[in-house]
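Two complexes, one shared chain (chain A), two partners (chain B, chain C).
Now for the complex of A and B:
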């Protein structure tokens, strides 16, 4: 990033395909709604009510996989890809390798995600958590990830001199995601079996979060937070410590998903230690963002996207703190297989990364559509219902998980723990419904905003206007 | 020498945090590597653990290459400069976009 923008520097319209960014956001929100619908159906089954009992294709077990896959590969991936189409060209001052390739990747990725959903409903899931994409889709997804890496890698590699930390995160994520997907979907399927396959599966689960979602998310934060605060990061050096710490600590952590299994203890302890050690890295990142906010904290009250971002950062700190605790063998013995883990997962996926993406959309949509949101008030409602619903759901499941763990530790009959869990599962449905309605409101707000956009109305005189965003 | 130039010295606490991150990493890595050698030399029953270990070693080797690339690119000289130039570029792009 040593090259400053000069008189010869390209303009925004030559760098960013704003229409494509918007399409990615629409796709992301569509999958978010599908995913949350799947979660609601699964949640209802826990309350002993299956609303779709007549078809095995719509059974809760299959909806559950649609729920997780649609959020990972549908919402998060589309949200991140849309965001990268905005951020990478602006940071590198170069467009992506080929805009036609970008369009092809967009279409191809939707085919991959939709095929995955259809394959899962037809019962063709691969036996790997978070990697249930049917085996016949894996090569297509792998090829798609390669094209993504080439398309975005080109402008990043071309940057002369020291790079901004966001580009480091993105460059690494492009490579890591490709390798992680290959490791998880091909190695246990074709190369190794038994405990070794379990260990690789554990690495895949966690690396998907740590080496795909996390670098994308933090790269995004390092870009948008300074812009919204109108000041550079407190310490770029510290941000690089966070990046390299993630690179070296994260890869071995996944085995902490399989504590108390036949995997050798030295590997299990290695995963525990590297998880705890990563908390030091997390602290450097949190300190950096708090330091950047210093003196301007009140902006979180008036600037809605910033509020999303710092809410996510707070949840990130909490989840990482949880992570360090729950990977200790003593704590793990209590919470293993309980709803604590489900609460933790929701706090990571929705509380952190989804909140960041939703905040990023709240900021970018007015710039993409050249008009303010149809209803600013609805944006605030969306924030409160999302953050409030998530807090309720995560708190409820974490607490319920403790009760389940204590019930099992006391050697009570299994059905006792189910009885104990029911009130928590009822609250979970209420929280989930709140979060779902929030996304419906956001989607409707987006639709109404698009309806009044000068781009849709063909008013060319207004297309260069940068609206005052929330 | 202008007094307005940013101080390029790395603060002491950066070194401390860096050491707090790197020292356990190096110790942990060395420990893992020893385990790998022991397994490779004898304990056949534990040989299946080589798969995740090799995965980790390959990943770490990749990160190490990337770190070396970063060093050669001058990523650690004037370490805060990219943060400022990014900011200036953003302002410039927005200014150009605002022009009719």
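Now for the complex of A and C:
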């Protein structure tokens, strides 16, 4: 997996633009902080305490959209792009197509994300959940995704012979992300309307998770977990089942986001069945990763990045188990429209994918900056505050969602469902603050690490020091 | 195929994506192709027109500033109102989207969880076959109630005060305030405010009846103290007072005076006292 030290193998400095990887990480963390501020504002509004009620540009409703979009296109996309700049050249033994193109994509993507945020704050949102990017930015983002696919697709396509699992996921994700973005942002806006647009919208939300975030995340796991454990994946057969099962079943489920809408019932049932089928596939992936860990589970205690990864894998199992239950019509009747779904979404996006990216950063930053973390203890604090805060938030919202659903079904006056939600929303703010402070601590730790980095100090003699494994 | 570049690119990347797009997106689009998509102009109906002209009477200055004056000739004025109403709807939808209203208010009534009793008829596809549902505003979360049957349920005065400062009418509401839709006071909506009011009054106006979702007893499972059954979510006890202080034309007078209005309107206007009219048929 890692570059063999043979004479003809290309060297790391010719493969990976480490500076760019680091920039992506800085951008990702910046958007994470911005996004969390938006979430905080909306959370405070629910508690009827809006600290900034005066300006329309600080409206919680608009910042709520910044919250979700900054996570998808700011944190996750930047984190994954940085990770791919490290992983893809090292796996394919070829640099990306063009380093100048890489720099251009980096700059262009930040323009896309920033203008999305500005557009949302100006009230220009498109009415597509998780695709609120104003319509005038969509073509630019679409072109950016094409360039990304070309830049990374080139070294992948050039690989001779069979590819490693990670590259299956990345190659497919490059195609899927481009197609998903195009489908979601253009079809329900310009081609279809009403119920059919709802079906496309559901497919878009779903594919953005399933065909962009998930394959990027799992590709990352298939790369880093065997490296950290210094052993191959437990079963190649299960890797195959996992990839092809995801590729086939995942995109068939878009409509399960809009059950009980006027979308034809047989399509709703199809989406439900396909969701349940996917959970069996997920189980094989989990078994594969648990099998890989077999006998060395204690490493999760001593190896911090590994701990992030397996925490995320545990949450992945939990969320997918939850999916299989909550997608049934019986469950939907109760929990649809409630905070249950919000809790579920946080568990997936933060508990799984953000934890993976943060763990990957914990592992790579010392290698990029050629020095150990400024404070390893802070890294541990970051882990506990992130994982603990998320567990509290997800558990709290999932439970609160049940109360909301029962309150509505019992035909209680609407304000009763607000009263019953209040304690849950209060706990959510505490959990959210904990998660926010964790990311502030990580950012500060990153800053202090950069300050003592030999790269910054210009001490070239130190650049070949390989830091101890975090 | 399973590990080759072409297999992954063509079969998984393009093939499976296309299959899902076909089954999950194209099939519903094909199934509803016999329902023509209405333009915004075609959406202007009698109920909505009544509400739109009502806005012109309630907020004459604001309305004039936003849309100018209607022509003298009644036939031309008719067309003029229709045109301005459609324009207002379009802007209203943009504000509804831009302010993120749809992230806390859904626009579909499900056939489960007693929603029919709370909000009226279950949503059907024809209700969404129009330009204002690009993309559709189904929504995925309900912090506040569903709005797909909101139009005409409450007076525009109520809506205006509620948008300006929700807690005045819904104590304990976590809804944000939208003062930028007004020129300093709830009886002075600006163009954006008028547009959002039009949009809200449009939602469900295509139905002949307006459901009263205050119209049920509190659940037997969780008995509430006596009197709670009537003091509904909007706390109607405070409503008349708020109406009186914030509007120059109290809504309660409307049913007696407004005889030439379209059939559905008297009931709609009488709504500020849901307890009194609760069992009356909606528009007979």
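Here are some notes:
In this section, the second predicted complex is superposed on the first by the 464 of 470 C-alpha atoms of A that agree within 3 Å, B and C clash if a C-alpha of one lies under 4 Å from a C-alpha of the other, contacts with A are read in each partner's own complex, and residues count from 1 in each chain.
Going forward, contacts are C-beta pairs under 8 Å (C-beta built on N, C-alpha and C of every residue); 3 or more make two chains touch, one makes a residue touch a chain.
In this text the structure is predicted, and so the values were computed from the model without any measurement.
In the three-chain model built by superposing on chain A, chain B clashes with chain C. Residue contacts after overlaying the shared chain place A:244 against chain B and chain C alike.
Put chain B and chain C next to each other and count what each touches on chain A; the higher total goes to C.
In the superposed model, A:321 lies in contact with neither chain B nor chain C. In the superposed pair of complexes, A:457 makes contact with neither chain B nor chain C. Applying the stated contact rule after C-alpha superposition, one finds that A:342 touches chain C and leaves chain B untouched. When both complexes are overlaid on chain A, the residue A:265 reaches neither chain B nor chain C.
In the superposed model, A:143 makes contact with neither chain B nor chain C. Legend: residue contacts after superposition of the two complexes on their common chain; A:129 is shown touching chain C, with no touch to chain B. Shared-chain residue A:334: touches chain C; no touch with chain B.
Once chain A of one complex is fitted onto chain A of the other, the partner contacts of A:111 are absent, as it touches neither chain B nor chain C. After superposition on chain A, the stretch of chain C whose C-alpha atoms clash with chain B is 2-10, while the remaining options among 2-10, 110-118 or 200-208 stay clear.
Judged by the document's definition of touching, chain A residues 162-163, 168, 172, 175, 179, 183, 187, 192, 194-196, 199-200, 202-203, 240, 244, 247-248, 251-252, 255, 263-264, 267, 270 lie at the interface with chain B and also at the interface with chain C.
Of all the residues in chain B, the ones that touch chain A in their complex are 10, 14, 17-18, 20-21, 24-25, 28-29, 31-32, 35, 46, 48-53, 55-56, 59-60, 62-63, 66-67, 70, 73-90, 92-94, 96-100. Residues of chain C that touch chain A in their complex: 2-5, 8-9, 11-14, 16-17, 19-21, 23-25, 27-29, 31-32, 35, 37, 94-95, 97-104, 106, 108, 110-115, 117-118, 123-125, 127-131, 133-145, 167, 170-174, 176-180, 214, 216, 218-219, 221-222, 224, 228, 231-233, 235.
Chain A makes touch with chain C in their complex at residues 45-48, 50, 53-54, 56, 59-62, 64-65, 122-129, 156-157, 159, 162-163, 168, 171-172, 174-176, 179-180, 183, 187-203, 207, 211, 240, 243-244, 247-248, 251-255, 257-258, 260-264, 267, 270-271, 332-334, 336-339, 341-342, 405, 408-415, 418-419, 425.
In the complex of the two chains, the chain A residues touching chain B come out as 1-5, 9, 11-13, 15, 90-91, 93, 161-166, 168, 172, 175, 179, 183, 187, 192, 194-196, 199-200, 202-203, 223, 226-227, 231-233, 235-238, 240-241, 244-245, 247-249, 251-252, 255, 263-264, 266-267, 270, 273-274, 277, 280-281, 284, 464, 466.
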